[in-house]
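There are two complexes below, and they share subunit A, which is joined by subunit B in the first and by subunit C in the second.
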Partner chain A sequence: MKRTIFNNQLLPWLLLAPQLAITFIFFIWPAGQAIRQSFLREDAFGINTSFAGLNNFQGLLGNAQYLNSMKVTVIFAVSVTVLSMGVALLLAVAVDRMLRSSRVYTTLLVWPYAVAPAVAGILWWFIFNPTVGIMPYILDVIGYDWNHNRSKTDAMILVVIASAWKQISYNFLFFVAGLQAIPASLREAAAIDGAGPVRRFFDITFPLLSPTTFFLLVVNIVYAMFETFAVIDSTTAGGPAQATNIMVYKVYFDGFIGQNLGSSAAQSVILMLIVIALTVIQFRWVEKKVEY
Partner chain B sequence: MIENRPGLTFLAHLVLIAGVLIVALPVWVAFVASTRGATDFMSGTIPMWPGPHLIENYSRMLDTGLSTSGTPPVGLMMFNSLVMALSIAIGKIAISMLSAFAIVYFRFPFRGLAFWCIFITLMLPVEVRIVPSFQVVAGLGLLNSYAGLSLPLIASATATFLFRQVFLTIPDELTEAARIDGAGPMKFFRDILLPLSRTNMAALFVILFIYGWNQYLWPLLITTDAQYYTIVAGIKRMADVVDGLPQWHLVMATAILAMLPPVAVVIGMQRLFVKGLVETEK
Partner chain C sequence: MASITLDNLGKVYPGGTRAVGDVNIDIADGEFIVLVGPSGCGKSTLLRMVAGLESISEGEVRIGDRVVNDVEPADRDIAMVFQNYALYPHMSVRQNLAYGLKNRGTPKAEIERRVKEAAEILQIGPFLDRKPRALSGGQRQRVAMGRAITREPAVFLFDEPLSNLDAKLRVAMRLEIKELQKRLRTTSIYVTHDQLEAMTLADRLVVLNGGRIEQIGTPLDVYRRPASTFVASFIGSPAMNLLDAKAVPHLPGTAHAGTIGIRPEDLSLAEDGLIEMNVMAVEELGAQRLVHGRTSGEAITIALPSDAPLGDTLKLGFDRKNLHLFSRDSGARID
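Presenting the complex of A and B:
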């Protein structure tokens, strides 16, 4: 709270006007529309609309495709989170040992953050392309017939790798910062007491890193659920047979390609509730960190 | 490092080198592909070393593009991406600073409500409210325009919070001194707040530039006129060929060009980038 303030009543509104105008036109109004549409039924030509109550939501929860999409989203989000955080933690612990070379390694590891998810998708799609890609060629040598256009598992692995690859750099930076914040004296004391590197990691480093880990867990789940749209669209487009049709992709697909506005809006509302829940969790964590 | 264990250090180097190689692998493969000719992908063996067509492929894409996919020259798409990324970054910083200034330095009715209105934007990614947002932009006649590409993405709760934090750390004495000297609010803003938050602005700019450049779904939806295609959304249109195989060498050249500007920003301004990344998550 500021003690010294300016006594002006009109000026603050003028200053806020651009932000509030854009927020209202592009955020609050569309969100309101999504909520309104989620309770309406619209015919295929958009001529007649009628109040449908909770029908759209009930329809979704009884819809095998939507339930499948939820399942796919959970598998996808958990895999991306575990893979990218696991690799990032390993690299961060390794960089933490380095004195002189840590800067060079950091530079060489952080740049994928800047690569667009859509481009990341295209790159991995090319590497795993069944006709010209390198990976299917290598996998063929060990006797695995890779084809993400046919196999559901292959398609899921492809989108998980492409999404996790891009997120490693972000997790890495935060893990490195978290590791550097742990006082060296604690680990030194443990070393004097005779604890080896592995023991020190699990008994000292990892527990003290838990605020960072928890924060990254939420960020990565949000990333996997909402920001990987471009990865999916540029690689599998939700296929084959709905195997990679995550919830965010289904909102777009049902709304724009399927033209089922009521159902798409209901899905939007469900996703908004999930985002709000995740944001609340994240903010509660921030409050905790202050006391920590 | 706690104790000297050469074996462990060696292992750490090994892990890091493997990590660097795995992280770089897709880009290397794309780069190699972008230096090859069209026939190199027919043979079934995959080239691992660059070929002789580097300049030819890149200059062809920049000047004329891949006309069969209906996309304009990559040079134009990069220009569109640049306009979009700069408008988003500069626009976000400008409107967030103004609103943070209003919230921190003034007391007015409904201040809390205004703050919450801004906060809500944090919770609603474009992907979630995609259909109604599209209807709003279409209704305003902003399809196929730079305003339509950037305006809906300009509001940002994160940036407003960041500047609020920054302003709160600026000592009250400065404000008092400015007021005693007869400076009005806008003069105070321009002569004291702006210079003091210069590094925060720069750090935020790096993050927002990358964010704007990498937008995909939004430009894909609202641009139907090839003149307004952005490069990230354009690649997908190139890779989607209805009949036959994609022109891999040209698609990959475009992919390399699409990642070049943001990657250069991250590597060139690494310190600001890390600062921006950590600050926006607070």
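Presenting the complex of A and C:
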């Protein structure tokens, strides 16, 4: 391979500058601000600022609402991940078995990924709207009184479905690609070896899909925890009674609505640590451990 | 142990493409049958129909006395060795060998015994706890065969099992497969596009072309009396010379034939030879020397001893009984 050597010391920096500027302005600077603010206490008008040490963090960990938010986040993230990956895998297996017309299905199944989270939220908010929605009407027939404005469970189900729906497309694409990378002869060999379709799936297909599955697991958890703000905001706004107030929504709510900047910043820092942990897991595990 | 009967077997894909048609073969118990033909001749499709991996659109497949058209692959009492080996990459060699037995609920001790036996026969004992990716091509090939023998099936099906190996290993494994089959006496169907592999392995050859059988017979039968110009050109290396009868008018007793065939090794140098050849290229093979050239505009090859004299033109003679005559219209053999 031919190596190009720049004699000009400035040029490489100039070429990197746009990306570095974006990274600095939108990632590093806000993160630094969040860390700085998490150690400060500021009044609502921004006039007095004093150093608060670890008070903001201590306050959070002793706060029932924050602990509730953590619990809600875990339930939400796990539900979204399981639902979106489960449905995606089911669809991918169905498409993989199909010889013809799979292209049409694949295209249709990918569309939801192009829908903005806020729009997806509104869409499902309409479908499940207790007054005008189609789902409560259907549920009423089987005797279920749906109201996500009152019921905590209903609200959680709504945000889980709205968030998972979008992510199914993404997971589906990866699962289809993963399935198609498994040689047909392996499944044929297993069929001759006396394994039925279900057995073949669990003994051969699923283990060979594990790198894809693990990658998606991390991606989906990250998605559910950090990218579902718009869905929550457009459907339940964290309610009723904090039932869907996931951590990332609480950062926004406490900071921009509640004007408690110190606590909000501390929450951001905790989220940041979670992201770092997930990234480490992804790099350590996905790249190395999950293989056969 | 079982005989296999393919009765008027045919395969038509949805959309009307015919892959295989009118296939009739009776395979005796313990026989080694090789299906040979160029790519796309339907030999793999035929094998997969016997295995149950491809649905049967016409005719019947019988294994033993049982019609297996609608029997699942697992219940046909067959084992198959795939071209890419199809070893389960996430299982150890031992698990690979045991998988088929485990699925059938074979007792643990019995599985243990059979895996050990297969490992001994194929000399893969030291690798039992390795994953397939830690094995060389030849070792993987052995594991794939091991997986077939542990099952102790009535029929072995081989789908070009040696085509991923290098030439030297291929020759060695070819011999091993032959010995193994002789020892186990298991009815086998083997698919290959390599005519040499086909000749050396087969009890009987089935030459396929365009989804139809051109000829069935022992390797020597097929070599000595090819049933058509296709078989004549496909079996034997270097390929038989096929000359247009009009282009070489001097050969007596060939007036009714369209094509005259003669094997390069059946031609010899002769002062009074009837065929005059313009030499164009010479291939030195060590023991032999292949001389390629033209006679009356037709391509012709002759195999000579390596010390034979060469010139720009050669006079070639032959024994009348070594001529093969074929019909002009159908290409079928004329006797």
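Everything that follows uses one rule, which is that the second predicted complex is superposed on the first by the 281 of 292 C-alpha atoms of A that agree within 3 Å, B and C clash if a C-alpha of one lies under 4 Å from a C-alpha of the other, contacts with A are read in each partner's own complex, and residues count from 1 in each chain.
The rule is short, and it goes like this: contacts are C-beta pairs under 8 Å (C-beta built on N, C-alpha and C of every residue); 3 or more make two chains touch, one makes a residue touch a chain.
Since the model is a prediction, treat every value here as computed from it, not as a measurement.
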When subunit B and subunit C are modelled together on subunit A, clash or fit: fit
Touched partner set for A:I204, first subunit B, second subunit C, both or neither: second
Which superposed partner A:A177 touches (first subunit B, second subunit C, both, neither): first
Which superposed partner A:G194 touches (first subunit B, second subunit C, both, neither): second
Touching partner for A:F226 - first (subunit B), second (subunit C), both, neither: first
Greater residue coverage of subunit A in the superposed arrangement, subunit B or subunit C: B
Contacts of A:L61 with subunit B and subunit C, given as first, second, both or neither: neither
Closest approach of subunit C to subunit B (Cα atoms, Å): 5
Common interface residues of subunit A - those touching subunit B in one complex and subunit C in the other: 188, 191
Complex interface listing, subunit A residues touching subunit B: 2-6, 8-9, 11-13, 15-16, 18-20, 22-34, 37, 87, 90-91, 93-95, 97-99, 101, 105-120, 122-127, 131-134, 137, 165, 168-170, 173-174, 177, 184, 187-188, 191, 197, 200, 215, 219, 226-227, 229-230, 233-234, 248, 251-252, 255-256, 261, 264-265, 268, 271-272, 275-276, 279, 286
Touch list for subunit C against partner subunit A, complex: 51-53, 72-74, 78-80, 82-84, 86, 88-90, 99-100, 103-104, 131, 147, 151
Of subunit B, residues touching subunit A in the complex: 1-3, 5, 8-9, 11-13, 15-16, 19-20, 23-27, 29-30, 33, 41, 46, 48, 94-96, 98-99, 101-108, 111, 114, 117-118, 120-125, 127-137, 140, 151-152, 154-155, 160, 168, 172, 175-176, 179, 184-186, 188, 210, 213-214, 216-217, 220-221, 232-233, 235-236, 239, 245, 248, 251-252, 255, 258-259, 262-263, 265-267, 270, 273-274, 277-278, 281-282
Touch list for subunit A against partner subunit C, complex: 183, 185-186, 188-196, 199, 203-204, 207-208, 292
